[in-house]
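Next up is a structure, given as structure tokens.
Chain lettering (A, B and C) follows the sequence in which the chains are written, and residue indices restart at 1 in each chain.
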Amino acid sequence: MAPQYAPSLRSRLPLVAFLLETIFLILFVFFVKIEQQHEQSGRESDSKLFISSYAEFQDVHVMIFMGFGFLATFLVRYGFSGSGFNVLLAAMAIQWAVLINGFLLPQRHHRREIHISMKSVIEAELCAASALVAMGAVHGKTNPVQLLLMALVEVTGFVVTQWILRTLLNADPVYSIMLLHVFGALFGVMVSWVLHREGIKPEHEKEKTDRRTGLFAMFGTLFLWMFWPSFNSALVGDYRRERGLKLTVIYGTYLSLAVSVVMAMSVSMLTSSKGKMNMVHVQSSALSGGVAIGVAMTAVHQPWIAMTIGFCAALLSALGYRYMKNHMLFAFECHDTCGVLSVHAIPGILGWFAHLFLRLASSESTIAVQFAVYHICVLLITACMSLVMGTATGLFLKWSIWRPQQDRKCFDDQAFWEFPNLVVHK
Amino acid sequence: MAPQYAPSLRSRLPLVAFLLETIFLILFVFFVKIEQQHEQSGRESDSKLFISSYAEFQDVHVMIFMGFGFLATFLVRYGFSGSGFNVLLAAMAIQWAVLINGFLLPQRHHRREIHISMKSVIEAELCAASALVAMGAVHGKTNPVQLLLMALVEVTGFVVTQWILRTLLNADPVYSIMLLHVFGALFGVMVSWVLHREGIKPEHEKEKTDRRTGLFAMFGTLFLWMFWPSFNSALVGDYRRERGLKLTVIYGTYLSLAVSVVMAMSVSMLTSSKGKMNMVHVQSSALSGGVAIGVAMTAVHQPWIAMTIGFCAALLSALGYRYMKNHMLFAFECHDTCGVLSVHAIPGILGWFAHLFLRLASSESTIAVQFAVYHICVLLITACMSLVMGTATGLFLKWSIWRPQQDRKCFDDQAFWEFPNLVVHK
Amino acid sequence: MAPQYAPSLRSRLPLVAFLLETIFLILFVFFVKIEQQHEQSGRESDSKLFISSYAEFQDVHVMIFMGFGFLATFLVRYGFSGSGFNVLLAAMAIQWAVLINGFLLPQRHHRREIHISMKSVIEAELCAASALVAMGAVHGKTNPVQLLLMALVEVTGFVVTQWILRTLLNADPVYSIMLLHVFGALFGVMVSWVLHREGIKPEHEKEKTDRRTGLFAMFGTLFLWMFWPSFNSALVGDYRRERGLKLTVIYGTYLSLAVSVVMAMSVSMLTSSKGKMNMVHVQSSALSGGVAIGVAMTAVHQPWIAMTIGFCAALLSALGYRYMKNHMLFAFECHDTCGVLSVHAIPGILGWFAHLFLRLASSESTIAVQFAVYHICVLLITACMSLVMGTATGLFLKWSIWRPQQDRKCFDDQAFWEFPNLVVHK
């Protein structure tokens, strides 16, 4: 007879978390300092830069913790885990990303020291975002220990990929970091594929949404949607000192998202046999415009181009969510809880193509060919790293020492959270 | 026998949305550019202005999408539509407002080009806010196609009204745009009056709130309430280059809202026979202080005046919500879902009176009379435009080609949204 | 036979609120002006300062109204009251705090006038935060009239304590205001102790959380958690003109919170017999890192010290929440609804100790002893004032004229809010 309760993680999660936290703490003791340049250099301009950076940081911060957290509450019985594990993972991933970013991608010539600055924190949050995208694919089918380990490996992989791109191909930092959606989505899908469970059928009784969780997820969606212009523009301008580009990115993201939300609703209604919209599809596809423009942004200079990208991204994403998700499950035995393939990978690759075409159209032929080769290499390296590391991580997480929950306990908070005895509803 | 299901919009909404979106896209191709002045002119001050504007824009952005969206989730079965259609409408209305604002109210002498800037986007969002106020009156009784068309007509009407005021009366832009609440509310009420359905009685079974939706609506209310100082001050200071006025507006709005929330709760409890507060009344009336001070703000220079305006606005608004809503339905056959008449129109007119008195008290008699005439004209033109256009829009939307839902399907998400089969609740 | 309904507050709350609001209004008429210095002095630097202050103010504003409000919605039937009364109290407390701060702690030599500025408003919000912490201890067991009076007395007591500290001990303003958590928590616990009801047993049927309210509370928690760096840094830098310290505080708070959320989850799982996390414990303890670092912040200069403080604070807080809450109720007959003793008082005192040790470690012996005496005096004065005023307030609120609800109606919205007739759930 199968055990009635999900296996207890009492001896696993606290141990892993204590251990990791202690290691992080020791590394922080020896290597991390708070940047104090602001006092030495010219006070006026630095202070202004600080104000601007802190506001951007707050916007990204809200997206990571509020946006991603509540986007994952759409499953009817998985709200606590969706939002709670998101905070746990993000908090750990950020600490680790500060460290590994500092080791592999040092900002200036600091003597073996990592200096915390607004920029380093924002970069760490973007790396955490990448891990949260990956988590979207395996939500509900993994326990928090698995998620925690996966997040740390993902962040490591993403930073290593960036290091390769910057070292081998001399890639622009903005450009390499904006592939975070593609990297995260492919990574997550591979993990999910390796961890495939026979018990997760499309009609799994707990993989549903209802009025309540749909609104909570709307919440997360809107926070992501509203602050996405800050997300995309967060790293632009610091590198280039070009205010103009920053503004172009902000307006472009804004318009792209405005179009993509309209298209997401229209396509969702058009592809439904009863002519009704699906809240989960709408929420996911509404964000695709932000993903796509994020990869193409440095090449987009006209509002209508941004809008066209948003238009196409939402179209592809909504169709993908409607038709591809179940197909993936049947054909490839790959279950993708939040549809990250449709929401992050496909729009990301669309944005990559848009970037390519826009650059080709505006360059001379020699430079164009050069750029195309470079551009293709960047995507290939990112995709390969992501697929390989995702598979390896999946195999590592399959180890039964991590005590995954039973199929019946998937998508269910009760495996991990205390609930009081039944509340007497009026 | 009446049909069991609400009519499918599969052939309507996607078509209308695709069509409009394509038209917008084409207009953007030919007319809209991103403003690049920031690179040419002095970098220091512009950069500072940008930081400030972007933060203000974000506050307004949050109010439009989060605030209005969740304020409309108070109906127990209308949460998806309330927040979802809000995003759809606002996203379309903003695109259209950027265009029509650029055509009718060009900012400087741009040669037939519209330049997107922080200011133009903030203005577009304020126009969208006006449409969302109007939508409040017809929530639950219209389908998304009707809402979409109504929103675009409302934005057009509001921009045309502003054009008339600025051209004929040489009105101050801040002053004309702040009548958005009055315009939106009267417009919405007229549409609702023309579209009156016999089936919407005060005891309609679905026009209720519960513990869950009350909290979601609290959410939207608080976002509106908290960021209202930014909303009111968003356009001040850019025109006048007066920081002092901007600060006065911020503090005034803040204090007015603090008083109005206290009064809203007190009056709601006082007028209840059992001495209990009504969540919907409190949420609506708490915001009335922000509406009233928004119209009067440029004439308010003392904190206590702002507080008095908040005091009176909440008093009137709470009484209006408690006693007028049902009276309107019985006497005039006009159903006003969110009570926009009490929340936006009455406090707006109160603010208009406050503005008049404050100016009369501080001016010489000749100037005072001159101002009074001008002030009355502004309100009359706004009200007339609003009433006429609202009636026309209502008649246009009554056309059965738009396939409105049946009376039984009013205030119900199931007419427009897919729901999974019943979830087995624990 | 006991009365079936909770006593009506129709003749109490509106009267008290009208009266207080009128008194505030009259005081504002005579004493409060809006600060207009920004026009006279150098425009450049002031304008920049304004932008920065307004953003900080908004962050604190969101924490007070959204964060504290939704944190208190975790009780399954107390959501309306938790968030609604929070707004009522905070709005009143802020008005009163502006007045009493202005009377007792005038900022400069203003001739008997209180000038509203960003700084004065932020300070008023911090005083309101102190009252909201105190409210956490008595949530659900008091009616809004009692809460309102308690909030005003608490703010008065807190400002008087600050006045004593600044006048007698010449304490630094930042330092004295950051003990707000300790003051508020002890005050609230004493009120709760005096107001003890026999009927509130640990297994009170309504003192529970469920899936829905747990997520709403997650919401409030996250808003507090995300913006805490702004909260702690809000008053630093204005006094000292040191950007460096402000940045150190921001990064320190950020890291401390990141560690404390991880620890809160781990300890919650470790101390559960079934190896499951408790949402309420996690939410509360996740914030303890922010409280602790808030008291110690001016002495923390290394990231790892901040992380260690967050580590210890979450450890103590989670253990305290798990084991101490029921013990307090049995042993001392003191019921602490939100566990403010574990969340605010203990981490606050831990931060105080950390501050002491860090200063002792970095000072010479003579100065160290001097500082230690001063530091101990500050805590003792704060704690004594808090305990004495809390007890007095409790006795005052015990007066039956305030019509407290019956034990059976504790933790229940229905005592104060209108609910529509039962909604027919699908």
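One rule holds in what follows: a residue touches a chain if its C-beta (ideal position, glycine included) is under 8 Å from a C-beta of that chain, and two chains touch if they have at least 3 such contacts.
Protein names from UniProt, one per chain: A, B, C = Ammonium transporter Rh type B-like.
The structure presented is a predicted model; accordingly, all values stated were derived computationally and were not measured.
Counting the residue numbers used at the interface between chain A and chain C, under half appear in both copies, so the two copies meet with largely different residues. For the pair chain B and chain C, the CA-based superposition corresponds to a rotation of 120 degrees in steps of 5. In terms of their C-alpha centroids, the spacing between chain A and chain C amounts to 34 Å. Residue positions of chain A with contacts to 2 or more other chains are 48, 51, 55, 77, 212, 219. Touching chain A in their complex are the following residues of chain B: 5, 8-11, 13-14, 17-18, 21, 24-25, 28-29, 32-36, 38-39, 43, 46-48, 50-51, 54-55, 58, 61-62, 65-66, 69-70, 73, 77, 79-80, 83-84, 87-88, 91-92, 94-95, 116, 121, 144, 212, 216, 219, 413, 416-421, 423-424, 426. Across the complex, chain A is touched by residues 48, 51-52, 55, 59, 76-77, 205, 208-212, 214-215, 218-219, 222-223, 225-227, 230, 242-244, 247-248, 250-252, 254-255, 257-259, 261-263, 265-267, 269-270, 272, 274-279, 282, 286, 301-304, 307-308, 311, 422 of chain C.
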